[in-house]
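Shared chain: subunit A. Partners: subunit B in the first complex, subunit C in the second.
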Partner chain A sequence: MQTALKTTSIKQKTNQALGVNLEDARISKSYLAVAFIAVLLGGLLGLVQGLNRAGVLTLPAWANYYQVLTAHGLLLVVVFSAFFTIGYFYAGLSHTLGGLLPKVRKIAWVGFWTKIVGFVLVVIPVLMNEASVMYTFYPPMAAHPMFYFGLVLIVLGVWALSVGAFMQVAHWRKNHKGQHLPIMAFFATGVFILLVGATAFVAVEVLFLIIPWVLGWTDGINVMLSRTLFWAFGHTAVNIWYLTAVSAWYVVIPKIIGGHRWSDLLTRMVVIPLVIMNITGGFHHQIVDPAISEGIKYMHVFMSLAIGFPSLMTAYALFRVFERTARQKGGTGFIGWFKKMPWGDVRFLSPFIAMVAFIPAGAGGIVQSTNQLDQVVHNTMWIVGHFHLTLGMSVVMTFFGISYWLIPYLSKRVLTPNMNKVGVVQTIIWTVGMVIMAISMHIAGLFGSPRRTSFTTYGDFAEQLGWNPLMAAVGIGATLLLIAVILQVYAVFNMMFFAPKGETEFPIAEEEPGAAKTPYWTERWGVWVVLMLLVISMAYVIPIVDMIVNAPPGSPPFKTW
Partner chain B sequence: MGQFIAGLLLLLALMIPPVATLMESVMIIHMHMQMPMLIIAGFFMGRFFLDRFPQFFKKYNQNGLPGILLFTIIMVYWMLPRTMDEALTVQTVEAFKFISLPFLAGVPLRDSWKKLNKVGRNNLITLFAVMFIGFGWLYIQSNAQLCNNYLVIDQIILGWGFITMAICLVIYLAYSLLVDPSQYE
Partner chain C sequence: MHLDEKIWLFLSFGMIMIFMIFTGYQAVALEMGPPSHKETIDPQKVDQTAPFDNPGIKQIGENEYEVVMTLQIFSFTPMDIEVPAGSTVHFTLTSKDVTHGFQVANTNINAMVMPGHIQKISQKFDKPGKYLVLCNEYCGAGHQAMSTTITVK
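Coming up: the complex of A and B.
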């Protein structure tokens, strides 16, 4: 026991002296490698979809559009985002909390392999065209049972990683009584709490509703209940990826531009309400669903807009940091300070564009939260345009920007000026591609072009033919995007294995000098979790009891493809 | 004074007839949202009364227990189906609701809560968790319509609302029993 204690403390010291702990780095690198392989495959399928919808590519007989779409959605919103988030936050925990505990490291590996095995189980039926249910897998569409077993394993993997993160945080707090959790670990705690909360809903859906039903133990499924459980998860998952990006905006970007973090209290007060109020936002994906009364939908508009408020605080805080830093560097005038920002640094440029993209993306989100407006855009290409702005730009470009320092940091290499140039070019191509694609998708959607529909001319119906130029633009955007994907993945693996050796810092900005001390109550995670549970039960009890007590007979499984 | 104004504004907002009608149209929102918000309004306004009449609270609510007793009685009174129903049909009962919850439950809660120690607080929470389970059971299993103004499905929803609240309270109790803050703070 004595020696064990000693070795850990020696390890902690070497960790601080030598930068990243190699064993911890291996964990994060594995997660990031999987994430970027998923980007490559997902991007390729995205191109296939884009070209199909542009009308220039007919899929071969052995693949159907919905199969491709299922894989694209899963690879990008389930695999890429989750693996990146975990790799990034585990690196952050290791860096700010003095190295991962040996048992946490073990848990991280168990979680990794559980997720991988789960993912393989999901992919097999998708490849066999037995699970073309898209990433939302709405019943009564039913996939091969193996698909759902895979999902269960993925959820178990997420839980393992969350437990690991909580153990790490609890251990640190025991040894640092009365101190505030470092801000990066604070974000990580919020993210892992939300991950557990979100996946709990989908676990109930899959374990108690879907699996008994696809195995034939029950004859019918409660479709509305499944959709409601799914969106408690789906909505929160996406918000978790967003919160991950936000953590880099608050903590990392100020350091990269040579400034300070603004108000620590405000930052924590963005995380806490997002944790408490997030899950119930799932209802805004069901504005057009039946079986939820209008009064309830109306009340949920408030919940959705309440989540928007912390985003406004974020926008304010970040632009304040930018302006301050640039003025300190001699920028003057109303706009002049803008010139002082490090535009040539991909670690700044990419996440900056990501933030700007969130302005139209957020505005679109408010449109979709409004009942009457959502009736116009629901299930059209508008929605696809919207989430390629939120995810494909705000989240993904932040993640890409992170990769240019995180991967060299983990692999003890450096970001060379040449690789930085590759990054800048990649960022520009991605931006142009995504802007073209997202704008055309939004417009096509306003004219009624449906999402999740492979190319068709609707019997050369004139109105529908009018969509084609817009969809051709989608194809052009998709082509540019794939070029950017290839550059990005090349950069990632180059920085991981071939870039020149050296030390790279994990950039974490200091607080502004003379900042007020953050009150200790921000650390009461137990209270935040109970409040979160209270909000969830208040929001869900009416519709869910209603859906169960007044349920129709239930639907048998369908294979629609 | 700021807190008093905030509480008063909340109370007034809840009293606006369309707001009151909307909230009272759904049984669970009537009981689990309007009523707690009335208590919160009183809780905020309490600051003013505590500053203004410290002697009164010192004399009659020395150790906090009388205040908690009053709070509990008012709470239990408003958890009965009969009283909710009456609030919707009899004007004076409705008026009593808007007075009793803020001033006879919210204000004493504020004074008493800080006078209770940790054990006292957790006992109160335990009491309410047990009551919520009881009321939840009452509302869920009753096949008869308990209120003239609400349907059976509203009752069942309310019952599950009680149960989920109770679960949250139990989780909080488990957290405060198992996690010793002095290890961290």
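Coming up: the complex of A and C.
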């Protein structure tokens, strides 16, 4: 025991002294490079959409709006967020668990190429206008079979990476009996468990319902069941990116502002319920669907709102950390912390704005989860405004903030004061753009403007309902955003290949000195997974059995674009 | 735990419970639950199945109308409905092909209409005027053209 402890602490020290393991760094850099190329392309398409809906851009015949929107959704939620999350957590696992095991490294590369090949298979039919089905691909719209084969490969890639992460964690735990998993690895474990849980649903949908149907082996598809399985995945996926951002808020940001972490126990107690209760939130995308009883929908309001609780705990914890740190630095008064924060440091500024954005974003989420309020905004531009706040600000701005230390750390370079300035300017432009775009989208939605709809005036209704100035503002926001995207991608590749050489640390905050020891029960992942499965069964068994037993005759495939 | 943290957690919990209670109250006491009709239909035989073999508007009481409507790419049947001000309209809806959305701007009508399923939603129209009916779920190349009107006189 003693010697085991000593060797690992030596290993961890060498790891810190020598900086990042180069082979591990190559893995994370590859994931991040793909992620930021996806942002660049996705942002470009976003601008096209924004300008089209503002009424100033007519799309050419070879690229219709729905094709563009399908690609935008896929690039940003399937590629960018996923590749960033994996690159970030693999770097975190390597750093806090003493380097990746050789076999885990191999798995990471297999996963990478499986995902890339899968994505290419998805993109080809999208480019050929054979798969303009949106990233939600609701049957009975049917894309080219290649689209679905690509999705299967993407899921297999995710599973490979999850297995790799679990092997790494299991190995560490075997050699550190009785110790707590380092907090970054604890978050990573939760995220990879959720990734497996979420993708399991979409795998069932694609493998057992859609592929046999598009290949003509079955005549009809169960439309409700496919949709329900999709949202068990789709909703969880989005929450996984959020949990990834939260990990940086708890673990990294306190270090960047020179403070200590929030209570270790409470941090872990935020991760655990987010893992247990997450997947059941999917039903809030189906509040106005037929074939689900009001009783089930009501139970699901509760399940969705319950996730709000750990988020509210997080809000408290973070502002408390800011306040404490500021007091140590001599800040006084109720909002004294405000003056002591490093506002000029992009590594703080960008995630800080992300956190602030989560206040209206979370409030909007609570609103939409309640049945009657959802009925007002469902499938309107309000929803698009909502997820550009949650994803486009809370998650993405945290990811951007991370990139300004993670990429120099991985490439053994440094963040120069000039690059920091680029980052600050980028952060401000992105914030202004997103705020303009998201607010206009929310209001246009309240006035009835639908999402996923290319430019149309509905006769003179658009004018009469007051959508036009709001959609023009969406176009302005989109233009600012593209400028910010270009700055961000420039910064990423500059820091990856051209910035001055040097050592950058992986910032992980320490606990408060003299903090109480965290009880060991927080490490019982087996129990958490069983609880998660129980909650999922509670939520899904009854409605899914109902949808199968009382299913109407199936629908044949349609290509309506 | 600090006292202020306890207060914060208590308020958070309270807020979530209040939203729950309101949602339940509206659903049960005010009968404002979301559209959740559970009947099914053969999606390939909509035209032959009652009541959709005879879509249209029918008066069913004083100030009460029933509209039986099919949605298909990229139109509604019937189109351009007219009702007198103050009437309550009960919509019975299904899709003949892919998933559509049924939304009437400036009202609370908003429901998913899916093949194989019959959806129902009701609304009282008090204010005279022309209302925009639109499909709010992407359904294909002409989705942006899928709209009609309800005129309240």
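Simple rule for what comes next: the second predicted complex is superposed on the first by the 540 of 561 C-alpha atoms of A that agree within 3 Å, B and C clash if a C-alpha of one lies under 4 Å from a C-alpha of the other, contacts with A are read in each partner's own complex, and residues count from 1 in each chain.
The rule we apply is simple: contacts are C-beta pairs under 8 Å (C-beta built on N, C-alpha and C of every residue); 3 or more make two chains touch, one makes a residue touch a chain.
Small disclaimer: the values here were computed from a predicted structure and weren't measured.
Asker: Since both structures carry subunit A, what do subunit B and subunit C do when superposed there: clash or fit?
Answerer: Here the two partners, once superposed via subunit A, fit next to each other without clashing.
Asker: Touch check for A:550: first (subunit B), second (subunit C), both, or neither?
Answerer: It touches subunit B and subunit C both.
Asker: Just subunit B (first), just subunit C (second), both, or neither: which does A:90 touch?
Answerer: neither
Asker: Determine, under the contact definition given at the top, whether A:192 touches first (subunit B), second (subunit C), both, or neither.
Answerer: A:192: touches no partner chain.
Asker: Report for A:387: first if it touches subunit B alone, second if subunit C alone, otherwise both or neither.
Answerer: neither
Asker: For A:312, is the partner it touches subunit B (first), subunit C (second), both, or none of the two (neither)?
Answerer: So A:312 only meets subunit C here.
Asker: In the overlaid three-chain picture, which partner chain does A:159 touch, first (subunit B) or second (subunit C), both, or neither?
Answerer: Touch status of A:159: no partner.
Asker: Tell me the contact category for A:520 with respect to subunit B and subunit C: first, second, both or neither.
Answerer: The answer is first: A:520 touches subunit B but not subunit C.
Asker: Measure off the angle at the C-alpha centre of subunit A toward the C-alpha centres of subunit B and subunit C in the combined model, and quote it in steps of 10°.
Answerer: 70
Asker: In the three-chain superposition, say which chain, subunit B or subunit C, touches more residues of subunit A.
Answerer: C
Asker: Once the structures are superposed on A, label A:287 by its partner contacts, choosing first (subunit B), second (subunit C), both or neither.
Answerer: second
Asker: If you stack the two complexes on chain A, which partner ends up touching A:178: first (subunit B), second (subunit C), both, or neither?
Answerer: So A:178 only meets subunit B here.
Asker: Rounded to the nearest angstrom, what is the minimum C-alpha distance from subunit B to subunit C in the superposition?
Answerer: Value for subunit B versus subunit C, nearest C-alpha atoms: 11 Å.
Asker: Across the two complexes, what residues of subunit A are contacted by subunit B and by subunit C?
Answerer: 550
Asker: Given the complex with subunit C, which residues does subunit A contribute to the contact?
Answerer: Against subunit C, subunit A makes touches at 64-66, 132, 134, 138, 140-141, 223-224, 227, 286-294, 297-298, 301-302, 305-306, 308-309, 312-313, 316, 320, 366, 369-372, 374-376, 378-380, 447-448, 450-456, 458, 461, 465, 550-556, 558, 560-561.
Asker: Applying the document's contact rule, which stretches of subunit B touch subunit A when the two form their complex?
Answerer: Residue list for subunit B touching subunit A: 22, 25-26, 28, 32-33, 153, 156-157, 160-161, 164-165, 167-168, 171-172, 175-176, 179, 183-185.
Asker: Where on subunit C is subunit A touching in the complex?
Answerer: Spelled out, the residues of subunit C in touch with subunit A are 5, 8-9, 12-13, 15-16, 19-20, 22-24, 26-27, 32-38, 40-44, 73, 97-99, 101, 103, 105-106, 108, 110-119, 132, 134-141, 143-145, 147.
Asker: Would you mind writing out the residues of subunit A in touch with subunit B in their complex?
Answerer: Contact set of subunit A toward subunit B: 170, 173-174, 177-178, 295, 520, 523, 526-527, 529-530, 533-534, 537-538, 541-542, 545-546, 549-550.
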